[in-house]
Every structure is written in structure tokens, then in C-alpha cells.
Amino acid sequence: MIESHISLLLVVIPLLAAPVTALLPGVRLPWLTALLVSWVCFALAIWQFALVMDGSVISYELGGWAPPWGIEYRIDIVNAFVALIVAGMAAITLPYALRSVEQEIPKHQIPLFYSMFLLCMDGLLGITLTGDIFNLFVFLEISSLSSYTLISMGRQRRALTAAYQYLIMGTIGATFLLIGIGLIYAETGTLNMADLSNRLPAVFSHHTVHTAFAFIVVGVALKLAMFPLHLWLPNAYTYAPSAITVFLAATATKVAVYVMLRVVFTVFSTGFTSDTPTDDMFLLLGVLGVLVASFYAIYQGDAKRLLAYSSVAQIGYILLGIGFASALGVTAAVVHIFNHALMKGALFMAVGALVYRIGSSHITQFSGVGRQMPWTFGALVLGGLSLIGVPGTAGFISKWYLVLAAIEQQAWLIAAVILVGSLLAVVYVWKMVEVLYFRPASDTGETYREAPLSLLVPTWLLVIANIYFGLNADLTVGAATTAVQVLGGIPQ
Amino acid sequence: MQFILDHYNYWIVIFLMMVGFYTVISRGNLIKKIAGLNMFQTSVFLLYISIGNVSGGTTPIIAEGFRAYSNPLPHVLILTAIVVGVATTALGLALVVRIREAYGSIEEEEIHKQDESF
Amino acid sequence: MKHDLILRVLAKLLIPVIVLFALYVQFHGDYGPGGGFQAGVIFSVAFIFYALVFGLDSAERVIPAGVLRVLASLGVLIYAGVGVITLFKGGNFLDYDVLSQNPVAGQHLGILVIELGVGITVSAVMLIIFFTFAGRGRD
């Protein structure tokens, strides 16, 4: 019975658990509930992934109404892969969250915090699983509203302005998406994405469809923090509670990238986008994103903000992959969605552990702490190597495919940009490493103990995953290759 | 001229949309921004509802003697979007209240100034 | 507040009517225009009106904040609970057909219970929003 309802359960279990969690007393009980739910979801996500790994499709009709009239959950390997990332990151962030949240958030807000966390995860899972584009908008707003709340729970008052800024920009993005959906609904009379991909080609020449496409792309681009629409991201990631930074950095923008892939390749297909400057736009903004955001990252004095800018740069790489619109390019994009979740998760966790002990994420405060907290420091270094793309780490795999895709299209300039981006990553990772390890400890004489195990274990799990998926890329590249065939419309 | 009159719903929607969007961009007052955002969203609601109208159609309730009904689906969609809008507004205003408690101001420039000096 | 005689009398007259109208909209949602969203908002309006006329404290005595939080969660649970029941009865999620012997009765029952859940949550959340904003800074 579970197998036939598996994709639905992934959405319903967190949805049921969220209001219950909000009512539970204390600190441990809400946390335990959220933890159990996330682990169950992770198990279900693995199961679901195994079911669609061969390229088959699961279709689930909500309320028994047949698509395209009813809402359909339509799971192929792309959804299952992204859902796996979301559930997996939630499952690994929650053990980390216990100590870090206890320190950062007032006690009476903690049940609400975990309730919001579950809702956010629920929204993100819903976005990936649904096959109905309006339903996607609703889930997008569920995840966004809960993430605004979560960000505003940060300790400093700037968390409030960061959340406000994100709310304004996020809502504009979501409303753009809504306009686009309305226009394609007016043109085709359907909201089911599979049905849309059948019906849209007949009206490709209409101006309404072009307008709708533009609105949807800009709306989603705001959500995925495409340069230059990334302005909300650095503040949001800097001032959010550490656990939330980890979770959002690893999942939220990735899910938005998934939406972009779906819209560009499945709903509209390359037959439409090749007549528009979409690919060139992605390439141009991807290049700019990689270069400008990496430069910004170098000049940041705050470790979390530095990593946030680096996230914008990484989104740039993913956009490059989408912009190539070739099998190799999209493979690289999909692989990088996964790998970037791993490396940014590990890095933000390591920085979160530093913040847990030091109480600040300013790099100047980190002087010499690396020698006092060797395990945290080690995780940061290895995560940083993966971010740079050193062979043997996950980051190398995605950059390798990206460079291959660039060479295939003889885009030498872009291949060079990818390399320059990696060099810039060396600079900003080194900036943290240098302060942490080679500067003398601050003269206040304060020494810091190693971070608690509940923070270290999840961090190192992600670090090990970074290395494992760097040495054995069968799963990620295999999944991405199948994903490219399933997405449709990509020249092989 | 007839073209303009025939598509009057779109002109209203575009006008409201631009007014709202411009308010969000240009105002420094956090509450005015949210008011602008609300207008922006509402214009989209109107877009959906007006395209659901079928010429000569009645309320979509089955009754004898009526053949053409307006399309109820956009209305249902917008019901959901309105709820989302309410939640967004409430959350936005709640944030403004807390920003005011933390900064003593709801003007963007003053808040920036306080953050800079800090 | 004591002098607002007209307001008080009018409120006492209007509030029952508003509540009644809310219930009408709520339970006619399966056949006519209506449903939980609208009914929930109308229902909460009655309480907000009461709070405006008789003061926040007496309104909070009528419906305490703790109760509202439970209600807000309860509505979601009713909604999702119906879905879970349909799962156990062998249908898809929210497939009301299986709720009763005949599908039409099942659809009626399903949508009524679902809308009840929606109505409870919407009115509770509306009141929570109102009380939170109105009560801010008092304590």
C-alpha cells in the first residue's frame, strides 16, 4: 500500500506533523518529532528514487480525478532526485539543529521553529513532486513563507530586515510566476505540465506565450537567486539561524533550479527556447554570476556572507549548464545541484559550528581557532576543496562535466570562466583557512573547545559524502544522464 | 479605439500592476511597500478572474435553461492565491512591527543608517 | 467604552447574524457558492467586531489564545485526516468516493468535512493574526 502512495506520503506526512509539532511542549519533543518525520521522508525518498531509477514514471492522481483535470503528482527521475536531496538534507540538518537551535532561538519559539522547518521541507518536496503548475506555485509559497519566518528567527535584528527584503523580492517573484501561469492557462486551458508540453507547441508563435515564458523565467530566476536578482540571498543566509542557512542553502535554490529545468525543457522545450534568446541569457548571466559573485565573496568579512556569495556563483555554474542546452550541459547542471547541496551543506555546517563556539561569524574573530577546533577546521578545508573543485571531491565531477560541455560547444571563453571561477574560489576559501589556522590566536587568551558531537557528526557525514561522490560518481552522473533523457527536448 | 475598449480588463490590470510595482520599488516606507505589493498581487487576481469570464455565461451553477457558464477554475485558483496573499501580508506586517520595535523606525534609509553605524 | 450605547446594542444584534451567515456559507459550500475560506473569514469577523466594541480583554476571555492555536492546528488535521481515511479505505488521497457506500454521498460528506477543517483553520488563524497585532505592546 505504501508503495502506491509513496509520493503522496512524502508531502502528507510533514504536512500532518507540522501543526502537531507546533503544539508540543518543551524543546526535545518537537525536535524529536521533526527528526523522525524527516528520517521517514528520507527513507521514502530513497525508495521512490529506486522505483524511478530506470527512467519510469509514477503518476498519482489526487482525489481520484484523472489528469489533466485533477492534480497529478508526476514523478520521474528528475523529481525523485531533487526530492532525495531535499529529504536527505533535512534528515541530516535536524540532528545538527538541536544544539545550534537551542543556543540561537528563545525556548518558547522552538516548537514553532520545528513546525516551520517541517512546512518548509513540505513545500520544497511538494514543488518537486507535483505535476501541476499551479499546485507548484502554492507549494512554492508554502516553502517561501515558512522560510521568511525561519530567517526572521535569527539572533541579530538584521535578520528581520533580511527576512523582509526576501519577502518582498520573493513575493514579486512568485507573483510573476502567477502571471505567467495565468497567461499560459488562458492560451491552453490546462495546468498539468505534461499536458502543457503537448498543447503549447500549437501556440508557440503567440505573443501571449512568449510573455508568459518571460514572466515565469524571471519569477523563478528571482527564487533561484540568478545574478543580478540575487540581492536577497546574502543577507538572508547571513542572518538566518545556522541550521536554517544550511538547509536553505542546500535545498531552496536547488529546488528553484529544478523548476527552471522543468519549465525550460519539459513545459516549453528547446523547440521554443531556441527561437528566443533564453540560452544566451543564461550563459551571459551565468558567466557574470560566476565572476562577479566570486569577486564579491573575496571581499566579505563575514564567513556566512562569503559562502552566500559563493552560492550565487555556484548558481551561475548551474545556469551555464542549462544555457548550453546540450545533454552534457544539463547533466552537469543536475549533478551540480546535488554536489553543491553536499558542499555548501558541509561548509555552512562547519561555519555554524564555529559560530556555535565563538558567537560570531566574522572572519576576524576566527584567528587561530582552527588549531583549537581541528575537526571543524578539517571539515571546512575539505568542504572548501570540494567547492574549488579539486579532483577527488564532488565539486570536481560537476565542474569536469561543465568544462566538457563548454568544450563540446567550443565555448572556450566560458571554459576559461569556469576555471577562473575555481581560482577565485581558491582565494576566498584560503581567506578563511589562513585566518583560522595561520593567524595567532586572539590575545584575549580565550580558547575554544571543539564543537559538540551533534554538530560534528552531520558535518563530517556531508564531508565524507563529498569525497565519496567525488570518487564514485556512478549514482549522480547516472541519475543525471537518465534525467536528461526524461526531461525531454534536449538534443542528445 | 475599439481595441482599447474591448480589452478594458487588461488595461485595468496593467495599470494596477504598474502602480503596485512602482510603489514597491520607489517607496522607502516599509508599510507602503507592502501596500504596493498587495496592489500588485490583486491586479493578478483580477487578471485571472476576468479571463475566466465567458461572454454570455452565467454563474457556474448548473440550472435549467442555461447553457453557457463562466469558467470557475480561475476563481478557485485565485481563492488559493488570495489566501497566500493574506498570509504574505500578515507575515510582512508582523515583520514590520518587529523591525519597528528593534530599530524604532520603518523608513528604509534610517534602518540602513543604523546598520551602517553599527 | 461605556458610552458607546449604540455600538453595543448594534453589535449584540449583528454578531449573531454574522455568525449565522458564516455557518450558512460554510455548510452550503457543497452546492452553492461558499466554503470554508469565506465562512472562516466571516466567522472571525464576528469576533473581531466583538473585540473592537467590547475590548480586547473580554474578547480574549471568550476565545483564549491557547484555544485558537489548537483550533488552527486542528483544522489542518481534519483536512489531512480525511485524506488519510480515504487512503485507508483504499482510495487515493482525498478521493471522497470511498467515504460512503455511494460516490455522490461520499463526495458530499468529504467536501463538507474538508471545508469544515478549512473553516476552522481560517477563522482561527484570522483571529490569531488580529489578536497578535492588536495585543502587541500591551504586555
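Think of it as A, B and C in the order they're written, each chain with its own count starting at 1.
One rule holds for everything that comes next: a contact is a pair of C-beta atoms (placed from the backbone, for glycine too) under 8 Å apart; a residue touches a chain by one contact, two chains touch by 3 or more.
A quick note: this is a predicted structure, and the numbers were derived from the prediction, not measured.
Trainee: Tell me which of A-B and B-C has more C-beta pairs in contact.
Mentor: Higher C-beta contact count between the two pairs: A-B.
Trainee: Which chain's centre, taken as the mean of its Cα atoms, is farthest from the centre of chain A?
Mentor: Farthest by centroid: C.
Trainee: Hey, how far is the Cα centre of chain A from the one of chain C, in Å?
Mentor: Computed from C-alpha means, the inter-chain centre distance equals 36 Å.
Trainee: With centres defined as the mean C-alpha position, give me the chain A-chain B separation in Å.
Mentor: One centre to the other, that is 28 Å.
Trainee: Would you kindly tell me how far, in whole Å, the mean C-alpha position of chain C lies from that of chain B?
Mentor: So the centroids are 24 Å from each other.
Trainee: Under the stated contact criterion, what part of chain A meets chain B in this complex?
Mentor: Chain A reaches chain B through residues 134, 137-138, 141, 145, 148-149, 152, 157-158, 160-161, 163-164, 167-168, 171-172, 174-175, 178-179, 182, 185-186.
Trainee: For chain A, which residues count as touching chain C in their complex?
Mentor: 1, 5, 8, 12, 15-16, 18-20, 22-23, 60-64
Trainee: List the residues on chain C that touch chain A in their complex, please.
Mentor: Residues 69-70, 72-74, 76-77, 80-81, 83-84, 87, 91-97 of chain C touch chain A in their complex.
Trainee: Which residues of chain B touch chain A in their complex?
Mentor: Residues 21, 24, 30, 33-34, 37, 40-41, 44, 47-48, 51, 74, 77, 80-81, 84, 87-88, 91-92, 95-96, 98-99, 102-103, 111, 115.
Trainee: Show me the residue ranges of chain B that touch chain C in the complex, using the header's touch definition.
Mentor: 59, 61, 79, 82-83, 90, 93-94, 97
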